[in-house]
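Chain nomenclature is as follows: A, B and C, assigned in order of appearance, with residue numbering initiated at 1 for each chain independently.
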Amino acid sequence: MRARLELEQVSVQFAGLRALSDVSLSARGGEVKALIGPNGAGKTTLFNAISGYVPLARGAIRLDGEPIHGITPHEIAARGVRRTFQNGGLFGELTALENILAGLHARIDAGFAGILFGTRSARAAERAAVIRARALLELLGASHLAERQVKLLSGGQQRIVEIVRAVACDPPLLLLDEPAVGLAPPVRAQLVELIRRLAGEMGIAVLLIEHAVDLVMAVADVVAVFNGGVKIAEGPPSAIRADPVVLEAYLGHA
Amino acid sequence: MKFYLVPILATAIPLFANAYIQFMVNLMLVYVLVTVGFNLVLGNLGQLAFANTALFGIGAYAAAMLMAHAGWPFWAVIVPAGLAGAAAGFLASVSALRGIRVYYLAIITLAFGELLRWLYIHGERATGGTDGLAVPQSSFFGVALDSETARFYVFLVIVTLVVKGISNLMHSRIGRAIVAIRDNELATASLAIPTGRTIVLAFVLSGFVVGVGGAMFALLIGRVIPESFGLIELILHFAMVLVGGFGSLLGSVLGAVALTALPEYFRGFPGLYEMFFGALVIVFLLVQPRGLSALVAHWWPALRDRYYREG
Amino acid sequence: MFALQLALSGFAQGAIYALVALSLCLVYRSTTVVNFGHGDLVMAGAFVVYLMVVLAGAPFLISAFLAIVLLFALGVLIELGLIERIKAGPHIGFALMCIGFGYVLRGIARAGWGREVLPMPRVLDFPPLLVGELVVAGDSLAICATIAVLLVAFFVLFYRTRTGRVMQAVCQSERGAGLVGINVRAFHGVMWGTGAALGAAGGVLIAPITLLHPGLGATFLIKGFAAMTLGGFGSFGGAVAGGLILGVAEQLVGGYLSTKLIDITAYLVIILVLALRPSGLFGTTVAERA
């Protein structure tokens, strides 16, 4: 599988602190790559760099060969990068259906004038989007959540909706920032299944930040380990598990 | 089609109303546009802004100047007034394209609004300075607009069309983009929605709607003076949005209808106006911050605001 | 010479703006609420003084002291009674609450004193100072001196004393401060009271040299914002510097361009600064996320 995302020697700096140093990484379609490491190792910074919220001090980031560093977050998203957020990125006041419709924004073929005057094509585009959004919810067995305001949903339900919203447009790349935090085991199992389907069935290149080792072992094809802003190891889960360098970095961590 | 039910029923109002009540109803229609426009920015976009009376004023002045200085009939000034408001809305918010947000943006709208009012006062010949401009009698495609009833029908058509247009926009990806920014701007950008441009769009739409309201106001009152568009009037706008319900189209209508007639009662008592509406805002924030529309939606869930169209 | 004379007369105005901006900044830094009713608190200070001096015939100093104490109490009441009650809601609610009580104060002022513009009788009577060819109004000098003392007291309190360290701790992290036993609610109340009192001090000091009217609050709010924006939003030193620069700039604009432009100098400063250098002169953060 060709690499969809390439990071070449990426460095990021915050007020004199090196958050990331010379990080090279790639993400392939259909593959789940987990990023693990202690807190402050630079994992979320990496996501922020890819999605354009943080500038690069050095290096390059390419999506399907095209550079995406230095452009605005929404332009990067327009190229096909999607992500979820650690503290929840849902639109709280809106319903699950409306959130997913927001995720379909780029796909809805209705211009300003068409919407304003209620032309047939604009209304058709909207109808199609609603149908697709409902279908996505149905696929996840979450149809009953459609009309509920997301701020009233449970943590697990919110996570699922946020992920569905992110993939509604069939993006080539998905960044998941600690999706399993605070979830009960049965919901985690659901999450693992969902992530595997996204990679396997939809062919999305998935990068995943996660602390729960068991989850990582269950869902990842490749694991990359970070410490102090540097990638210290990368390989299949079984190899990483036994790697002495990794074990040392994790000494004292669960 | 349910939407047109209210305007159609409303056409019967002149049968029951005397000239004074009809005037009040006409004024309510003006404030429906003022509140719908303000709510777009305050409620849907969730951005604090102080330019609404300035946008109201620029529509009123544009209409008045075209009618008084250039002799244009009323029907011809409606769109220019709206465009003037839209342009002002653009200028008030353009800094958002460079990343200006929240309090900075609010403060710029405050400065911009007051700057506009300074222009009205010092515009001498064009704006009539502090004495303002008298708006001449006008006609609508030949029909004289000298009675409250005639004005009512014209206003009703304008308001129905404008509110329908805004409703269409809010029940689409554009409306969703606007409220998404309110709820989580970072996440909005991550969905390929250009947030700066959407913020400006909200202000431009708001300006257009309020500007058209201004044109109607000019015709209705017959005179435009700078004082009508300053900070004293602004608390009424805030109160209408809050009492009606943030981000709710129905709420905007409710808020306008509920509060329009009240200032009349405070005419003789200086200061009562500010005290009343200031206190009203405080009380609603403490007791019913989601406004009357939330109460309505509680009893009739079908009337809850949605941001999509199913059929 | 002309420029210098203008600058000097602008300095006294600027000192008042500095005080207003500082008090606004204090409330913002300590409670994260931007008080859009702050200008009306300043105006209230001026009007209480006017009431006492003109209607009750009280001496200026006593009236000033009373005004400041009263406004301190009002600030505490507003924070604990109104602001705290809507803590759980969206941030825009705070702004509207401040706007609301600002208008209530404005309405009370208008009810009491109508639409007239009121001059204060002469309460300060310091002779002018002659420095070479420059004339320094004695009243202005007295006001500047008083403000300078207040500012020095503020900065010493904030940066040197234990109370100040508590303030800094809460400013940086409310949760952390709560965990080490600081009563955050009481702190908020005191900060609002202090901010209101400082603002009222500004109103008290400007009363003798300005014509008073209920709309004065809006003017002070905008000048306060202009000063804070110019100096860097959230910076105490910036607020003071911004205020002084604004005062001087207004007089220079009035002297060299047109007196009509004095009123809008503050608006233009806001627009120019946010267009060219949003972080102001001494600030750091620019675009604030809600």
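Here is the rule we use: a contact is a pair of C-beta atoms (placed from the backbone, for glycine too) under 8 Å apart; a residue touches a chain by one contact, two chains touch by 3 or more.
All of these numbers come straight from a predicted model, not from anything done at the bench.
Colleague: On the document's contact criterion, could you list the chains that touch chain B and likewise touch chain C?
Modeller: none
Colleague: Can you tell me which chain lies farthest from chain A, using the average of the Cα atoms as each chain's centre?
Modeller: C
Colleague: Per-chain Cα mean versus the mean over all protein Cα atoms: which chain has them closest together?
Modeller: B
Colleague: Using CA atom averages as chain centres, what separation in Å is found between chain B and chain C?
Modeller: Comparing mean C-alpha positions, chain C is 32 Å from chain B.
Colleague: How many Å are there between the centre of chain A and the centre of chain C, using C-alpha atoms for each centre?
Modeller: Here chain A and chain C have centroids separated by 47 Å.
Colleague: What is the distance in Å between the mean C-alpha positions of chain A and chain B?
Modeller: 40
Colleague: I need the residues of chain B touching at least two other chains; which ones are they?
Modeller: Residues 186 of chain B each touch two or more of the other chains.
Colleague: State the interface residues of chain B toward chain A in the complex, per the touch definition above.
Modeller: Chain B reaches chain A through residues 165, 168-169, 171-174, 176-177, 179-180, 182-184, 186-195, 247, 306-311.
Colleague: Using the touch definition from the top, list the residues of chain B that touch chain C in their complex.
Modeller: These residues of chain B touch chain C: 42, 46, 48, 95, 98-104, 106-108, 110-112, 114-115, 118, 122, 185-186, 231-232, 235, 238, 242, 269-282, 285-286, 289.
Colleague: State the interface residues of chain A toward chain B in the complex, per the touch definition above.
Modeller: So the residues of chain A in touch with chain B come to 51, 53, 72-75, 77-78, 81-83, 85, 89-94, 97-98, 101-106, 108, 110, 112, 115-118, 122-123, 126-127, 129-130, 165-166, 169.
Colleague: Touching residues of chain C toward chain B in the complex: what are they?
Modeller: By the definition above, chain C touches chain B via 34, 82, 85-86, 89-90, 92-93, 95-97, 99-112, 114-115, 214-215, 218, 221-222, 225-226, 229, 233, 260, 263-264, 266-268, 270-271, 274-275, 278, 286-290.
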